[in-house]
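Common to both upcoming complexes is chain A, partnered first by chain B, then by chain C.
And now, the complex of A and B:
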């Protein structure tokens, strides 16, 4: 049985790393769902504060969403830019 | 304009101004800034459109029954996540778009929202300084 080349090994490990990094995108989605559920509860309890609640939630969720994109950026860099290939 | 619409307008306006400022800096300091500018415009536009999509999703979700909110929000979040993935993939593959500035453009709304707090603190402290000078 032939051994694998260093390039193939690095490419394979990069793909595994990209997959692991993309998992980071799951967390913010679940968090956003919880936040929206609690906001709906708040609006139901105090309908006059709807504008304030939605405004705060939009700003909070815009910031929370970017934490998932960090993982996506790492995955894209590992897959397309292949920075580890330069180490060979 | 409503409170939510006003906030959206304020954030969008600041993002556009900040992006134009960065484009100006790119034109000043880089000999051939076209790829960087393309990337920044591409990332910023997608980020603003996703911000708008998110606010529409949230406005709709608040009026939904409790059991349907979480799946709806998560589905919409993954739709936006896939859009970001496609955008970053295109920026990585295409040689006429810079990946670095596309990433900067994608984070533009976050930068503006976080810097808004510091901007307000600086504005408030400068107003207080003016008031204390007038008081003397």
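And now, the complex of A and C:
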């Protein structure tokens, strides 16, 4: 293993880090699916409250999504802004 | 995304800023057209066609704001309506091949800062100065730093949500267009439907909904 430049090393490690950061999407996926399932149950029990249930569900899902979006933003920053290159 | 090119020392304006001005100009033309139609209309007759749709839109936003924030915030409807129109048109701009302005962090962050300032303003107005400071020391005094961080995290999470959703849509659309090449026009309409129309309108709804919830929560 010789001839690997430090730029290439940082690029590769940034790509791995971006992939790891995107794993954060698992949590919101499970949470949003759970919220949608409960909302479907609620609509099945009380069809006349459908509008309110959907509105509350979307609001809760949006808040639950925040952690996943943080992971996504970190992945995008690692891939496109490459802040670690400045440390060389 | 630098405003000054370091090699040639020219000022570079990113396309997202130009697109945001396109949205503003489109909405201004729309507003001028609607107001000229309203001035010509006869108030004693039933509204017809185009004006009917505008009336449904305005009444929908009024009743939406009233049902979410209560009667005392009736004066909030114009701001929420403006926000909804701007974000809706801005997010749908990807359909005509332009970069949506909301995929540049400056614009979601500006809107989130506006929400943050409104939240603090209404909190001080309804709780008074003393009550506002006291609300940071609740339920126990040593939670003060956590309350401060929690308050400052609101605009960050609000803007990252909009920015992350739209930017991920733009990036995935770019990847799909590059990967498919000449076959792109056959397959991409589905992706446009999801990332531009569905995600864009849902994020618009969530942004205005969270703005209203934050402001009405601050007054309690």
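FYI, the second predicted complex is superposed on the first by the 86 of 88 C-alpha atoms of A that agree within 3 Å, B and C clash if a C-alpha of one lies under 4 Å from a C-alpha of the other, contacts with A are read in each partner's own complex, and residues count from 1 in each chain.
Everything that follows uses one rule, which is that a contact is a pair of C-beta atoms (placed from the backbone, for glycine too) under 8 Å apart; a residue touches a chain by one contact, two chains touch by 3 or more.
Predicted model only: the values in this text are computed from it and were never measured.
Participant: Record, for the superposition on chain A, whether partners chain B and chain C clash or fit.
Facilitator: clash
Participant: Could you say whether A:7 touches chain B, chain C, both of them, or neither, answering first, second, both or neither?
Facilitator: Neither: A:7 stays clear of chain B and chain C.
Participant: Residues of chain A touched: more by chain B or chain C?
Facilitator: B
Participant: Applying the touch criterion given at the start, work out whether A:72 contacts chain B, chain C, both or neither, answering first, second, both or neither.
Facilitator: A:72: touches chain B and chain C.
Participant: Could you look at A:55 and tell me whether it touches chain B, chain C, both or neither (first, second, both, neither)?
Facilitator: In the superposition, A:55 contacts both chain B and chain C.
Participant: Give the stretch of chain C that clashes with chain B in the superposition, choosing among 24-32, 42-50, 132-140 or 168-176.
Facilitator: 168-176
Participant: Residue overlap on chain A between the chain B contact set and the chain C contact set?
Facilitator: Correct list for chain A: 55, 58-59, 62-63, 65-66, 69, 72-73, 76.
Participant: If we count contacts the way the header does, which residues on chain C are in touch with chain A in the complex?
Facilitator: Per the stated touch rule, the residues are 157, 160-161, 163-165, 167-168, 171, 202, 205-206, 209-210, 213.
Participant: Please give the residue numbers of chain B that touch chain A in the complex, ascending.
Facilitator: Answer in residue numbers: 2-4, 7-8, 11, 51, 54-55, 58-59, 61-64, 66, 69-71, 73-74, 77-78, 80-81, 84-85, 88-89, 92-93, 99, 103, 106-107, 109-110, 113-114.
Participant: Report the residues of chain A in contact with chain C in the complex, numbered from low to high.
Facilitator: Going by the criterion above, the answer is residues 55, 58-59, 62-63, 65-66, 69-70, 72-73, 76.
Participant: What does chain A use to touch chain B in their complex?
Facilitator: 25, 28-30, 32-34, 36-37, 39-41, 43, 50-55, 57-59, 61-63, 65-66, 68-69, 72-73, 76-77, 79-81
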